[in-house]
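In the two complexes that follow, subunit A is the common piece, with subunit B as its partner first and subunit C second.
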Partner chain A sequence: MPSSPNLIPTHSIYLSKSTNPYFNLSLEDWLFRHKAPNEPLLLLYRDDPCVVIGRNQNPWKEVNLPALRVREGVPFIRRRSGGGTVYHDLGNTNFSIHLPRTSFDRHMTAQVVLRAVCSLGIDATVNDRNDICVGKEKVSGSAYKIVSQRAYHHGTMLISTQLNTLGDLLHNTKDTMETKGVASVRSPVRNLQQFNRGVTHEAFVDAVVHEFSKEYGIRNVDGEVQIVSEASCRDIEYIQNGMSELPSWEWAYGQTPEFTYTVSQAFEWGTVTAKIRSKHGIILDCACSLSVADDSVSSMSAIQPGVVDSLNPQLKDIERALLNRRYGFVSAIEILKGLGINGMDDETGSGVRAAKDIALWLERIMNS
Partner chain B sequence: MLSKQITAVARGKGVLGARTIHGGTALTMSRGWKTASANIKRAQFHSTNLLQAETVKVPQMAESITEGTLKSWSKQVGDSVAADEEVATIETDKIDVSVNAPSAGTIKELLANEEDTVAVGQDLFVFEPGEVSDSSPTPPPKEDSKEDKPKEEKSTEEKPKEDEPKKPEPSEKPAPPPPESKPPKKEAPKPAEPKSAAPVAGSRNETRVKMNRMRLRIAERLKESQNAAASLTTFNEIDMSSLMDMRKRYKDAVLKEHDVKLGFMSAFAKACSLALKEIPAANAYIDGDEIVYHDFVDLSVAVATPKGLVTPVVRNAEGMNFVEIEKEIAALGKKARDGKLTLEDMAGGTFTISNGGVFGSLYGTPIINLPQTAVLGMHAIKEKPVVVDGQIIIRPIMIVALTYDHRMLDGREAVTFLVRVKEYLEDPRKMLLA
Partner chain C sequence: MFTRRLQGKRFLVACLHTSRRVQNSRKVIEKFKLADIGEGITECEIIKWNVKPQAVIQAFDPLCEVQSDKASVEITSPFDGVVTELLVQEGQVAKVGSNLCLIEVVKEAAIGISPNVAEPVNTSSNPDTNSLPTIESEQEPGSSKEFASAPRRKHPMDPTFTPDTKSNSPIYATPSVRHIARQRGVDLSQLAPGSGKDGRIERRDIDDYLAGAATTGAPVALQDDQDVVVELGRTRHSMWKAMEKSLHIPHFGYSTTLDLTTLHGLLPSLNANIPPHFLPPSVIPTLPLAVSPSSVYPPSPPPEVPPSGQYTRLTYLPFLLKTLAKSMLEWPLFRASITTTDPSSKPTLTIRPHSDISVALSTPNGLYTPTIQSADSHSMYALSSQLKYLSHLGRQIPCGLTPKEMPKRGGTLTVSNVGAIGAGDFAAPVLVPGGGVAIVALGRAKWVWDVDRGDGSGERRLKLGVSWSADHRVIEGAELAAFVECWRGYVENPARLIADSV
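Showing the complex of A and B:
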């Protein structure tokens, strides 16, 4: 069997057969960078379940990482365009319109997609954030990217997405995490199928292709539409590189703008407050302070007075152990090694126990 | 060869000694730092580079977007870049804007910090084009950029405001290199001084509110109008007694029969329509090198809404009677206040009437609504002593202003237009004879 010929970026309409989000985002970027700069291009694709954050966002602030970990095989991915956090699954269809930078008009591109939605019998509108809504609820979120000669407007379209999952995975209220990352603007969302049961991914795709072709004067639509498979891009290095860059720590976490997370935890022997400062995914510093509650000592039979005094220098060691480590990727065992404590089972002195409590707690909060 | 003056300026902050003048020959200047001898002092190194350095500015982002937040530097000072490689990322309004290197080269200086708000056209980084082999010049640029950074932080605040009205900065290559001469210059105006020690009574608080899109558009169009047209204003007074009398007599009947209030707008609209027939240039517009005359009068009526001033259009006002005009204006006013005006409602007027009088203004120079040629401003009616048939009596007087584009209308025509309007309004019966 002959292998699929390599994909070429000379057509105007691309429909991806793949549901691999890493592939689809890399395909989008490749088309973005290699299509003739003055020609319009449309790409439509669907992804397997994943959470997608904006280029300049903070995943620890935006994504419910513990909930995400529970769902096997659902990753979070940082995309290359700006904006906020969204959830993709097969009930969501993504559109991406690429245009020359000089004639890029977000409102016009939104109108193209709006017309497509309306043609499906849905009374949709565009709100003042350029998102498509039905009434007060969003059915689509948009984001954009501009480089030297090209620009794109891409977005989601909720057709039959699992909205409960969406709500769960995007639910994150870390009030004490102050971040310079771009914040998501949360809005209530609904599926198109809730307004018209007959709407499907195929129908939406046809409608968008039709409106796009009308708007940009594409004749011979059938000749322009290219169905893309992962196999046809196996030899395209740019796409392969993109697919390995996206899940890398450097991209997924290392692009996070600076943030400071202040958390407190009450233990039996007192309360520890940690203020962790991180930039580009690296811990810049961690300030830990300890306060003892007056009645805590009397409630504990095993704690010796003076254990708190032994804790303060240990806190300094813990702070040092975290320095320059990757935020969210430090285990309690690694922290304790910095204190000369090997493993969790070694030594049972109460001072050591407190240090272990703190290390475990720090590991946990950075993973939340 | 470069003149002594230019090299002196370029050296700017550099420490000059006799040795440097010898070391800094035309040869080294023209061939760049690569061939500079080891004897040349660091400051000279840096100033030599500036002669070849380019300042890259914040690019255009999307329509009507004027600023964004610099999110991250992808490259640092001393890094080499390929042509079109990303150097920085700016985010604004869900857009990720990539700032790319115009050609292959080295980053010399970063002119803004991460998280700064940067404006379109603002200087963003300095880079030296050309293939780079080694990284030895890193120490000097870093030192200078550290000095420049605190100054630049202050000037970054000034820059967004200053760069807007100024046209694109002069190009980098010729004489005084921008980055070098700019920081000292900007120090002089308002540096962000720390609070003075003397206690001050009262709040010193500032509140910043982002301009909404409507206001930004209005601001843009007003400036366009001022720049394009040769605007001047002519005034006149109107004795409103006859019109007020007419209104008093018939307003109740009109309200009962047609369910609309009989105001003065309809009279003004009618008077203007008739006067425009006589002075067609006031109802025309310039298109390139042609003047386009209209057979119809589409009257833009200025309406104040909570969001700002809008001018919906009454189409074919020349064919409407008083009642029809009032009805149309009332309907448009309601749409405006409900925020339901469409672009079609507001496009294509041929003449504008603006009523500042409802707010109490006495005199005023309205601004032309491009691409129209003239605008009539109505003001408040005040009882004034006037002379009629040799007697001093009290009459209600309104001052009207006509701002017109002198490219289209001469003084004679503008004054005649306004006089006609005055005559029609002082004796409405004349409108029946026109």
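Showing the complex of A and C:
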């Protein structure tokens, strides 16, 4: 595509060659905002492995961040449409149907994709949440975005995804994290290839292009299909800006709605309960309370007299140290600095030891 | 970013601060409601506000983002103004129709805002908003009528916006651009989309348009090789709806030809004797009379005939209507209309004392059926005058026909003279509710060789095809056939009319 300030999408069907999820999401957004409002548009793409959360979701609640960190090069990305958390890899094909807002009907668009799947010889249906299923299992998840003139329905289609990885990365059971965001609705999933071995990404793409063209009266299909590469969009500022915005802390974490996480940990010297409140990724406050262990539990170690007295002000210092910090981005060392304790090895008094325990624990909690 | 916005909006901000000095503008606090997003969604969670209180915003600027089920929805501002208060916080859920925020808007005299959009806030009910400007005393919703001129197009998210199916592409323009357009008498819909961002119309678009219009005259509609979508106009849409209702009526058809040869022979004489009050003044022969009929006592003055009701020659139609009216007097069934008051009770017919006949009129505005009441009591000359008058009214743009010519009562028979348009023989007209119990389409009269006449050698005769459709709930086939024969009895033998001293 030539570089020009007034460049707008002129085709109806876009296939992305890139597997860069940041590029694909930004391309989708550019097509969404710049296509003539009354014309239908279809985009199909695949991503390298990544976890994608909905616009208003809480990554700490939805994503198994420790497992994610273990896998090198697999990020989580917050997309611009609503809905729940999904896992993308090259065995998953994403579709995106853009229409004028006044004529947008999510059931109709789901039917277009359903017909494509059925044409591959699979007995699929649409459930009451507008997701495509085979029997009781989901093969696709959907989400939507609506602005003043346009709306889109986009979704995943599991063809040959690593479902074990999906299960692992999306596994998260923080029951005591209460979030104001949208929670994912968990469902059992299966790949299309488990129903028909011959289904491929290419076959699915062809089927969707065919059904889309039929539905929206696109006659010259070959002329309408445009294959897009990352290189061809290097001059489109909107896409470049999007690609740098998506991984930024402000977008990925800073868009998290308010949540409260209540956790307790039993230490040798007592149990600490922390109630951390965060909004937009920032810690608003952290209320820590201490209950001393029963004699029966800590009979082994010597509870120094006055440990509660020394801990309580330290807890207050810890609370203060966390205030306005980025949730999940505070290290134990930084917390302890707030208490005047430098490093882990400095001083070994039990009060300090307790503070270190708490700091390490909080760091771990927020990274989980 | 906030400062950058202010700089760009200096004009608007200045306007707000000096509005008290400007005679015809005033500040009003608009309540912005969460509009119906569609898809059966009843409530949404506010995810994010894009503005803070005291932020200056323009129409179509992003205001907030809401989430419902799996949809993330971006809401843009319908107004230019200043956001004074956010009424729902991020993370809270708002029901569709509830107020999201308050926006202070400057209303100029030239901007006509329909009364139900403006909802001025009573300052006494908002004790904590000390920063509200003075609101002028004439605050009834009706008072904005005095500012009415061209209505402002409503933002799609404006809670009172009703999707106008005629306008598929909205017109984006800042208030200053709209003001200029109004001043110069430019219709912005002619310019959309403009050269600005998102198709906004800019000032230079107006300048270009006026420069172009000056040189080329009226803009020419571009011919495309693409399909074009048009909306049905009001009259055609009314026809659509009426015709759908016509499906409730079981139609049956009946056609025949009428022999107009004798009538044809009478026309020259009839034309030569059109009463003077039906003739255009220029045509009336002004022969000085040696003896005047008014010498002893003036005869009753003729009725006033408007110029559009004057004519110089008769057609067949008034004659056909008159003979039809006479037949209707002999056949009460065809003077009946269906007047079932209660759907659950038995159907009733109401028989009228006179023959009311509706005439289908094809006009530039669409298809209308005005009614000639009591056609039996009018002379053929009077009927001719009425027909001319009605078609004159119908051809006016906008249509000159009023409920006086098209009463709800309507006729019991409808006549469609489609032969005037094309050389048709027969048709299959459609009867609509309110159009009576039967309709007849008249074809075009043509000379044919009728082998039945002239003692077997045949004769040249003027024939007219007529096609009837009747409501079979009310009329039997045999009855219609017999009625048509009655009509024929008059049409083909006009001499009979003399006996009745018509």
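One rule holds in what follows: the second predicted complex is superposed on the first by the 353 of 368 C-alpha atoms of A that agree within 3 Å, B and C clash if a C-alpha of one lies under 4 Å from a C-alpha of the other, contacts with A are read in each partner's own complex, and residues count from 1 in each chain.
Please note the rule applied: a residue touches a chain if its C-beta (ideal position, glycine included) is under 8 Å from a C-beta of that chain, and two chains touch if they have at least 3 such contacts.
Because the structure is a prediction, the values reported are computed rather than measured.
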item: Room on subunit A for both subunit B and subunit C (clash or fit); value: clash
item: Partner chain(s) touched by A:A274 [first = subunit B, second = subunit C, both, neither]; value: neither
item: Which of subunit B and subunit C A:P37 touches, first, second, both or neither; value: second
item: First, second, both or neither for A:I146, with subunit B first and subunit C second; value: both
item: Which superposed partner A:I335 touches (first subunit B, second subunit C, both, neither); value: neither
item: Touched partner set for A:I218, first subunit B, second subunit C, both or neither; value: neither
item: Clashing subunit C stretch [against subunit B; choices 171-179, 243-251, 387-395 or 441-449]; value: 243-251
item: Doubly contacted residues of subunit A, that is, touched by subunit B and again by subunit C; value: 54-56, 80-84, 101, 104-106, 129-130, 142-148, 180, 182, 255, 257-258
item: Complex interface listing, subunit B residues touching subunit A; value: 59-63, 71-72, 84, 86, 89, 91-98, 100, 114-115
item: Complex contact set, residues of subunit A against subunit B; value: 54-56, 80-84, 101, 104-107, 129-130, 142-148, 151, 180, 182, 255, 257-258
item: Subunit A to subunit C touching residues, read off their complex; value: 37-38, 54-56, 80-84, 101-102, 104-106, 129-130, 142-149, 180, 182, 255, 257-258
item: Partner subunit A, residues of subunit C touching it in the complex; value: 37-39, 45, 47-48, 60, 65, 67-76, 90-91, 155-157, 163, 168-170
